[in-house]
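First, the structure itself, so that you have it in front of you.
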Amino acid sequence: MWFEQVMFFVAAVLALAGALGVVRLRNPFYSVLALVAHLVALATLFLLLRAQFLAAAQVVVYAGAVMVLYVFVVAYIGGQEEPMRGEGGLIGSFGPLFAAALGIELCIAILGTGLDAVDSRGPDVGAGFGSPAQVGALLLQKFLVPFEAASYLLLVAAVGAVVLARRRRGLEESEARSPVGEAG
Amino acid sequence: MTIHLSIVLFMPLAAALVGALLLPQQVMRWLVFAATLGVLAYVVVMLADFDSGSRGLQYVTDDSWIPELGIRYQLGVDGLNLFLIALTAIAWVPCTLWSVFREHERPKLYFFNLALAETAVLGSFMAQDLALFVVFFDLMLVPFYFLIGGWGTGDRVRATTKFVIYTLAGSLLMLAGAVALGALSTPDGGQISFSIAELTRRSTSSGTQEWIVLLFAAAFFVKAPLFPLHGWIPETYRSTPLPVLALLSGVLSKVGVYGFLRIVLPTMPQGAQHFQELFIVVAVFSILYGSALAFSQDNVRLVVAYSSIAQLGFITLGIFSLDPKGAQGAVIQMVNHGLVVVPLFLIIGVIASRARGSESLSELGGIAFRAPVLATLFVIVSFATLAMPGSPNFVGEILILFGAFENKLAYGLVASAGVVLAAVYMIRFFQRTMHNRPGPAVESRDVDRLDFAAIAPLVAVIVALGLYPQFVLHRSDKATTARISAAQQVQSPVASRQSPGTRPVMVLKDVPKP
Amino acid sequence: MDVAWFLVLSAFIFCIGIAGVLTRRNPLVVLLCLELMLNAGNLALIAFARMHGGAAGQVFALIVMVIAACEVVVGLGIIVALYRHRLPIDVDELSELRG
Amino acid sequence: MDAISFGWLVLSFPVAGMLTVSLLWNRLPGRLGGWIASGAILGSFLSSIGMFVDLQDRPEHARSLVDSAWTYAATVDFKVDMSILVDPLAVFMCLVVSGVSFLIHVYSVAYMASDRGYSRYFAYLNYFVFSMLLLVLAGNFVVLIIGWAFVGAASYLLISFWYRRATATYAGIKAFVINVVGDVGLVIAAFLLLDKTGSLDYRGIFQATDNVFRVDDGTLVAACLLILLGAFAKSAQLPLHTWLPDAMEGPTPVSALIHAATMVTAGVYLIARMHPLFEMAPTAADVSAIIGTATLLFAATVAVAVTDLKRIIAYSTISQIGYMVLGVSVAAYGPGLFHLMTHAFFKALLFMGAGSVIGAMSAAQSIDRMGGFRKAMPFTFVTFTVGALALAGFPLTAGFFSKDEILGFAIARGSGYVVLAVVGYLAAFVTAFYAFRMVFRVFFRNAVPEARELEKGHLAHHEPENPASGEKEDTDVGFPGPEHHIAERSWPMKAAMGPLALLAALAGLVQVPGIDEAVDKFLEPTFADSRYADVHPSTGTEWTELGIGGLLGIAGIGLAYLIYLRRRSLRLQIRERFDALHTFLFNKWYFDELYELLFTRPVAALGRFGRNVVETDFVQGTIVGGATGVVRVGSSFARAIQTGYLRGYALMLLVGVGALALYFLISSS
Amino acid sequence: MTLTIADVHAPVIDYRALSPLMATVGGSIVVMMAGLLRPRFVQRVLVPVLTALSLLAALGLLIWVWEPGDQRPIIEGALTTDTLALGLSALFLVAGLVTVLLSLRAEAVREAGPGEYCALLLGSISGMVVLAEATNLITVFVGIELLSIPLYVLCASELRRETSLEAGLKYLVIGSVGSATLLYGLALVYGATGQTDFASIADAIGSEGGVGITDPLLLTGVAMAATGLAFKASVAPFHQWTPDVYQGAPTPITTFMAVATKAAALAIFLRLFDQALVDTQTDWGPALAALATATIVIGNVGAIPQRSLKRLLAWSSVAQAGYMLAGVVVATTLGLRATCLYLAVYLLMNVAAFAVVVARERVSEHGDDIASIENLGQAEPWLAWPMTISMLALAGFPATAGFIGKFYLIDASVDGNYTWLGIVIVVGSVVSLVYYLRVIAVMWLGRYEVEMPTVPRRRVKPIGGWSPEAGARAQPEVSLVAIAAAAATILFGLWPNPLFDAARDMGSSLSGLF
């Protein structure tokens, strides 16, 4: 099935590139765009894994809605060029090493597992697999509680956002004289 | 199953609570004093009523407290703790009286702590449940923390913090040890129990016993204190208010060594036996070290401080001679030491007040001249302290030494050097304060009525015990012997096969000596 | 295409995400890196779902998406608040609390 | 009333006296306190006589009675009663002690009249007499040890009676500590005996002795040597004698009573009391005999050199006790105790005389400053001379019979003991010499100013100063009172010295060999079981030995006459010739310096080491400091990683995950 | 499509069991709505009252649902309402009540608006309840997020204070890293077992055909999941956010986080390790024990040099988490009970302490600096006593609930063959005395002698109109909370049996423990 393989590698490379882009690009605005690319690539991988509904959700909800939100915020606070100087010295330089170490451990775990299924492309699954219908059914039956909880969580998060971002009386004039103001 | 002990136990605390919450402080201090008197009265009755024939517990109170942990509210009196309880009752009266007539800031808190302390100490002496003992043992520290830190002198906060941390380090280790003992001695499927009697019945492997004994020893040696765990002594003794110090050194120090007899020897005989040698070495070293330092000190408080290290060394020596005589000596010596230390500190208070508060030997002297009564009281107490024959301390010491000779002759001989050293530092202490040329700031006055009322009764008790020490011995004999019999058996089966008491003179040659 | 490939890929993405958190000082970008980590998780979940042939993993992933969104919202909210209060948009400058 | 009840009475009188005097210390007018105390002692003396009479009525074998008042202490393998033992030996001691004590009390009534601590003095004195009587009446070891320590305490209190004198307090602590050493010896001995014989009562022990011990049994010898430790500490025998000369810091009557007549002889009594043990352990007995001999010679030589009047007598006491120890160690119990008695008489007398002279010198004690008091103080002169004669063993005086009898017994034991006897004779000569050295230098030769002043009828009075250190003293704060008292002027002193003089002169007649041996006979029952009962020089030999002793005594007196009166220059020549020897003797063979070096300094150094090194470096430094140090380092580390940098925390989290995962990976494979 | 829709039928929902959760969720929505109304009365009174009512209702329902031994999962195994979950939920609800009381006059409420504030609080509580009841990986994750996300907001809700925002951001970022790790771990576990329900995971592990206990995939998953949870429970080395966030957050929220979040995290710890992974205890036991040790040590030594009371309590809470972890490590019923009991005790102790901090920082210009409680003993004994009791309890002094809790934990660890862990706990408490006693000393013994912490004093920079004096007015409810909590601490110290009964019920809900 060479098509799949090609797709995988293309998507994988794209995903990795996007991820690296997020991390390395100085301008937060570009980082956001890199992430969008990354998400799209992931969506394709989802497709390869027979998760059509999720792929769709990924593109629509994630790459669409959420990222737009990002873009707005970046635009609002001005995506100033973050100088890469030092990048936080020691932590910045040694951190990635530890990250790599963890990555190696993960790979060992994945490849060293006794499950042979890992080295297969999984059992053959029916056409309904990963379809909105099946996912929806699961959401409404087996995973009703998480589903409801998640929706409730959205509500709470909204409230939180309101609390945080709401304009306040008596703040603007205080900014003028607050010595900390200039610190920013 | 009686309630008497609970009454005695909580009388001071109850009085203090009522007084603190409802009464003005002038009335409150008297109420607390009355409570101490009440305890004393109760104890005196108990002494009279005590059945010296039985080796078992009397006036037992035994209720379930925390069934889940197998902790019982179990109080009892036997020959072992009878006189320590009496000592507590006796010691608290003069110290409270002494305080009643002096002014403190925040008097209510002061007297509340004083009373709480008495309850805690009484509790730890009465407790017949290991966990309960631990509870009271640690609880003691709270009031003393406040008393030292709140009303002490000098660098008091540092001193009290050091004291509490040092002591609690030991007693928390003991807590771990106690829990371990309870948990590990529980038979499979059996309910965990901390009742000392029950623990004595249950058995643990000698290996387990050994490290648990070490945990307990940590607590008790710090409390006593013995070399080299006496690091808290100098600062604490320097800055503790005198009446409190009298209690701290006279009564609290006994709880630890008492714990050995009450808990360690009966419940962990193999462990105790295993460390006998080590503990005796510690004891002997403490005797010599304490004495040597006692006569190289300039601060009078520290003289007594180090002297009591030596005294506690003797007591420990007696206990771990694992011989009835030694143990008996230890018991009576605990009482005696308390009886002499309390008046000693009160006398120090008087002396210091005669020398504008100076407590250093180099500035004292010649006080005896216009204070014959004080000098007399002091000389009696000093002679008792150095265990002069005819004093109760002599009986204690001779029994301890005999016990030590019996099983560990060499150590006994070394320890007896401590007797001579005691003479040196006590006489030095007496002379440098009362005799020689008067110090610069000294003006000689005799004791006033109130101080006399606080000190004289104690001296009277000392003299009385000196005339008739048997009063203590024949009440404590059976219980004490019973406590150490287990460890004794471990040590030398012969000694226990022999019927204790009269040995026929003729067969002496064929009795193998342990 | 074996599942293992997907898993390894997800592991890499996860680590890149962490590395980003460790290296970037702009909280906005840090949030993006967190997104990376979550997505790595999602990829793994879906891969496993495929491997076991059960859709539970997919549902999990879906819910994770929602949660990620919530985190983003709150995170952005805080960043905006920081900006409002003229506070530095730089995680290293925000080290008043320490010791 | 039988002997036992009298015995308790003997004990209770002084106690009563002590309590009365001490409780009413500030209410008793004038000298009343003194008289009460003396009365109390008289009471015990009379009761002692009561005991004596009662015992005499009993058959020989029944003359040892035991009675216990209450159980003192009892536990497993250990039982002690508060019991007294009344037998001839005890009664004998009681008579001597209470008798001499009574006279000395009377003497003190006058001598201490103007002292600030009048009541305190008599309270102490009564306390001492009680302790001494308790010691001699004790029925078992513990009671003995109690009495033993009590006399020590009393002696301490009385030595440092004038407690503002640093010298006095130092002497006091010295005496007390050495005595405690002795006590410890007794305690250990008591344990050994209890351990073997299972009893602490004299009777129990003595009965068991023969069954339990072989002759020279190791344990027994050890026990006896420990007993000797106690005895020698009390009786100031080598090497534990150093405290006695210093004890002269106490008031002179105290020296007379405690440090001459009674307490210091307790050791002799103890050995006599323990004779069944010592006879079973001849090695120990020999040790004791040898030490006694050594002591008597050593002390006599020192007494020749020192110039402090009281110290001369003190060394003479040590020497005389040496004779007694020798006596009781060679089983010459009768003579030994007889000498104890006579010595009590003449030595007390000598001290009283010395006290009187010192009074006349207004507290100066060096014989270099004295002389020619013969005319000024006739009474003192006469009595003192009588005492000196007795001490010198001048024929027919008390000392003459008692001392030489001991030596006679030693010879009778034969073999090595003869050597001891020879040494004893040599020392007897020296004794006579220094005895009259005192007499001649104090009472003869031309009179010193004080003497002449006194002849004019006025008692000299100097600025009071410490005779030992020479520092000035203010008499209004508890030093010997402002004025001094001499026998010539206060009848109680006369009343005390007169009888003693008679006794010193004539007491010997109760024990004249071959004629009447009252003491021996009286003590017979106690020592009936002695295995040397038959060792006894024949009357004839005994008289020859007495003769030798007498001649030596006269010779010694003659030599003293020659050197100190006839050819004064000779004294200086001798001193120059034997300068080294003189300094050696004058410094008392450097014993004090030796002990300073061996014990005092090391112990003090140890204390300082403990305080400055062990406490600070080990206890506080290593243990406390170590713990706190660890904690401190830990907390600073915890703070160091708490940088406040968000990314730092993330890193730590990452590291944690990595480590945890690694652990699991490793543990899984 | 139509077909697929047809076979969708709603699962059975046990509303009775679910009622407490519904009470809080519903309550939050109601409160939020009410918060939109402007009237002062609504804002000041109605909203808090409604919040309190919903919490009380939840409590009541919870007691109604309470039935020991019932372990049935409900709603397709997403949740279980066994007594463990319910008991812990009770703790969350109580903590919520306390927080509401402490927040009544809080700056944060005015900043965030009462409606939103309370809604978020209730949301977080609902998340905790979900977490405590979760028996399914997905539910766990949702629960954690539902718990955390409102807390991120609440931490930052004192918007005019720089440190509050900083705390919010730190908590958000680190928290998200933590939850991402958790997610990945859960993913791996799911991958290894193919299951999401704890029960079926437990079955899958070790069963033939299933994944082996020591499969690296599974274990790595466990490791990462453990990390995520340990982070929430602030177990070293994942504790570092704790001091910063606790100090920066509004104090009522700090209180809530300290007592509730920790309880929730430990709840899921218990579920995951003592239920799903109980068979692999030999594998993760040592690792967790090591973590516990590290936590105890770090927490205690970290607290010593702190000046800010909130920070000090934060560090101490780290140490306490370590103690409680010991109960998880042994994976026995006893350990489970001990942990639950300690959680309850821990809530009481900390609430008392934090309430005092709240009261003081509103009136004192020192904010939460230790100087703000200087000489509180004279100034406000009714605040000083609760603080004192809480400190003594945290240090594990007897006659306080803290002692009982520690006793039980040590008992559990000894019983589970982790005696050394028990001794570590003891040593930790000894170290902790240094800072607990210092707080007491500052209150009672006069600060002029107290040896002060080493960290330099850092003044909190106010932004805009924020001023501590703003809240300076009578605050009976805060004192009430403090006194009530302290009283309960003492009460349960003397009569802990109710707690033990509850703990026993909760312990009965996990089967498969030794």
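Note that the chains are named A, B, C, D and E in the order they appear, and that numbering of residues resets to 1 at the start of each chain.
Note that a contact is a pair of C-beta atoms (placed from the backbone, for glycine too) under 8 Å apart; a residue touches a chain by one contact, two chains touch by 3 or more.
Quantities reported herein were computed from a predicted structural model and do not represent experimental measurements.
Novice: Chains touching chain B and chain C alike, please list them.
Specialist: Correct list: D, E.
Novice: Listed by label, which chains are in contact with chain A and with chain B?
Specialist: D, E
Novice: Measuring centre to centre, with centres taken as mean CA positions, what chain is farthest from chain C?
Specialist: Here the answer is chain D, farthest from chain C.
Novice: What chain lies farthest away from chain B once each centre is taken as the mean of the Cα atoms?
Specialist: Max centre-to-centre separation from chain B belongs to A.
Novice: Go ahead and note the Å separation of the Cα centroids belonging to chain A and chain C.
Specialist: The separation of the two C-alpha centroids amounts to 5 Å.
Novice: Roughly how many whole angstrom separate the Cα centroids of chain C and chain E?
Specialist: 25
Novice: Can you compute the centre-to-centre distance for chain A and chain E, using the mean CA position of each chain? Integer Å is fine.
Specialist: Spacing between the chain centres: roughly 29 Å.
Novice: Between chain C and chain D, what is the gap in Å from one C-alpha centre to the other?
Specialist: 97
Novice: Which chain C residues sit where two or more other chains touch them?
Specialist: 7, 14, 17-18, 21-23, 25, 31, 47, 51-52, 56, 59, 63, 67, 70-71, 74, 77-79, 81-82, 85, 87, 91-92, 94-99
Novice: Can you list the residues of chain B that touch 2 or more other chains?
Specialist: Expected reply: no residues.
Novice: Tell me, which residues of chain E touch at least two other chains?
Specialist: If we look for residues of chain E contacting two or more partner chains, we find 138, 141-142, 145, 149, 152-153, 156, 159-160, 162, 169-170, 173, 177, 181, 188, 191, 215-216, 219-220, 243-244, 305, 434, 455, 461, 463-464.
Novice: For this structure, give each pair of chains that are touching.
Specialist: Between chains, contact exists in these pairs: A-C, A-D, A-E, B-D, B-E, C-D, C-E, D-E.
Novice: In their shared complex, at which residues does chain D touch chain C?
Specialist: 639, 642-647, 650-651, 654
Novice: Along chain B, where are the residues that touch chain D in the complex?
Specialist: 162, 166, 227-231, 234, 289, 292-293, 295-297, 324-325, 328, 366, 368-369, 372, 376, 379, 383, 386, 388-390, 394-395, 398-399, 401-402, 405-406, 413, 416-417, 419-421, 423-424, 427-428, 431, 434-437, 468-470, 473-474, 477, 481, 500-506, 508-509
Novice: Quick check on the complex: what are the chain E residues that touch chain D?
Specialist: Those in contact with chain D are residues 169-170, 173-174, 177-178, 181, 214-216, 219-220, 222-224, 226-227, 230-231, 237-238, 240-241, 243-244, 283-284, 287, 297-298, 301-302, 304-305, 431, 434, 455.
Novice: In the complex of these two chains, what residues of chain C are touching chain E?
Specialist: 7, 14, 17-18, 21, 27, 30-31, 34, 37-38, 40-41, 44-45, 47-48, 51-52, 54, 56-57, 59-60, 63-64, 67, 70-71, 74-75, 77-79, 81-82, 85, 87, 91, 94-99
Novice: Which stretch or stretches of chain D touch chain B in the complex?
Specialist: Contacts found on chain D: 22, 25, 70-78, 120, 142, 145-146, 148-150, 153, 156-157, 160, 163-164, 166, 169, 172-173, 176-177, 180-181, 183-184, 187-188, 190-191, 194-199, 204, 207-208, 211-212, 477-478, 603-604, 606-608, 610-611, 614-615, 618-620, 623-624.
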